[in-house]
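Chain nomenclature is as follows: A, B, C, D, E and F, assigned in order of appearance, with residue numbering initiated at 1 for each chain independently.
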Amino acid sequence: MPVNTMEISARNVFTGTVISIQYGQILAELVIELPGGLEITSLITKKSAERMHLAEGRKVSTIIKASNVMVALD
Amino acid sequence: MPVNTMEISARNVFTGTVISIQYGQILAELVIELPGGLEITSLITKKSAERMHLAEGRKVSTIIKASNVMVALD
Amino acid sequence: MPVNTMEISARNVFTGTVISIQYGQILAELVIELPGGLEITSLITKKSAERMHLAEGRKVSTIIKASNVMVALD
Amino acid sequence: MPVNTMEISARNVFTGTVISIQYGQILAELVIELPGGLEITSLITKKSAERMHLAEGRKVSTIIKASNVMVALD
Amino acid sequence: MPVNTMEISARNVFTGTVISIQYGQILAELVIELPGGLEITSLITKKSAERMHLAEGRKVSTIIKASNVMVALD
Amino acid sequence: MPVNTMEISARNVFTGTVISIQYGQILAELVIELPGGLEITSLITKKSAERMHLAEGRKVSTIIKASNVMVALD
């Protein structure tokens, strides 16, 4: 069973595809393409990226807690 | 000039439309519809929601710092 | 399959038992007892607590991104 | 029009001047001097620092969501 | 011994005075005045505000992790 | 007097022992062992780790704001 909105308290779970990974010594920066063409950038530890065998083309979910989403006026 | 990716360090700025607002005593919970039909939930203070005159139908940007985006395997 | 450290990028996933839930209008405050007797407090949305049917005695995992953990000297 | 408290939900927007930037492979660490002499440290991605052409002496706003501000007793 | 920058990993520790507190059912919203007249807003749990006996006029430190500070161009 | 739950608004303060430190250019990744054998990973700045003279075997407190704790169903 996947990690989805039935299982985790975070309100924002979006499925997408990893389109780039860049590694530092501690962090990995991922860009994930969501449906509709939106691209979302994520910073996770390099160890997590390696443990999860993340790579370009891998289908993943992005998870964002609602308290971390700000709003601005256009 | 709008808040966009040229102006703020946050990597994730997505334009959408407020489709619901619910108020508590301190917080406001907003649901914003993004292009492609994704719905993103945001918690901000009630005072900010009032100061910005947020309401259903209002076009806004959602802003998320990359360090607050997690990844999970489907 | 559970949400565990093989599936999510967050480095800190601890299994425990919900020992109290208190509701506001927007938020729910949960206290979860971890093995060894540690108690951890979590704020999630009331809607998530209801969707997940959280209640005292429910076994859950707590998830914390490493970038949200500070350190202090005793 | 600048990013200010009329435009973004974040409650804490302080104008200051960049006094140092240090780069890693993924991150940039900035120190910004606020009026009154307070110095605030920010971690953003290196890509954002480059995109925004941040440099010592540049006037910027620091933005902090209220839910990320803790309080301690002196 | 106070919580200060010698003791906690958070890079931003600013001393100020509580100038307002507003309570919800779960949260408390504090406004703290910093030297130089800056006002910073903090959201903490009501239980923490009560445990710490926070009140208007109380001298406190505000604590902000560097990874939670964004930057915008004016 | 230590940083404890009497002094800081963060609800989650756990005492443990540093069991590993890895350095990048900007960040340090620490693993801290808590009572009961739980291991918690923290990302702080390299400058903070150096300022605090953190090293393996050092007793520290980990501090986590309740709003940064998510919950998932097992």
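Just a few scattered comments:
Going forward, a contact is a pair of C-beta atoms (placed from the backbone, for glycine too) under 8 Å apart; a residue touches a chain by one contact, two chains touch by 3 or more.
A quick note: this is a predicted structure, and the numbers were derived from the prediction, not measured.
Shared contacts of chain B and chain D, meaning chains that touch the two of them, come down to A, E. Counting only chains that touch, the fewest steps needed to get from chain B to chain E is 1. Using the average of C-alpha coordinates as each chain's centre, D ends up farthest from chain C. Averaged Cα coordinates give chain C a centre that lies 17 Å from the centre of chain F.
Note on chain placement: the centre of chain C and the centre of chain E lie 24 Å apart, centres being C-alpha means.
For chain E, the set of residues touching two or more other chains reads 3, 6-11, 24-25, 27, 29, 41-45, 47-48, 52, 63, 65-68, 70-73.
Touching pairs of chains, sorted by label, consist of A-B, A-C, A-D, A-F, B-C, B-D, B-E, C-E, C-F, D-E, D-F, E-F. Chain E makes touch with chain B in their complex at residues 22-25, 27-29, 41, 43, 67-68, 70-73.
Every residue of chain E that touches chain C in the complex is listed here, in rising order: 3, 6-10, 24-27, 45, 47, 65, 67.
For chain C in complex with chain A, the touching residues are 1, 3, 5-11, 42-45, 47-49, 51-52, 63, 66-67. Chain B contributes residues 2-3, 10-15, 29-30, 32, 34-38, 40-44, 48, 52, 54, 58-74 to its touches with chain A in the complex.
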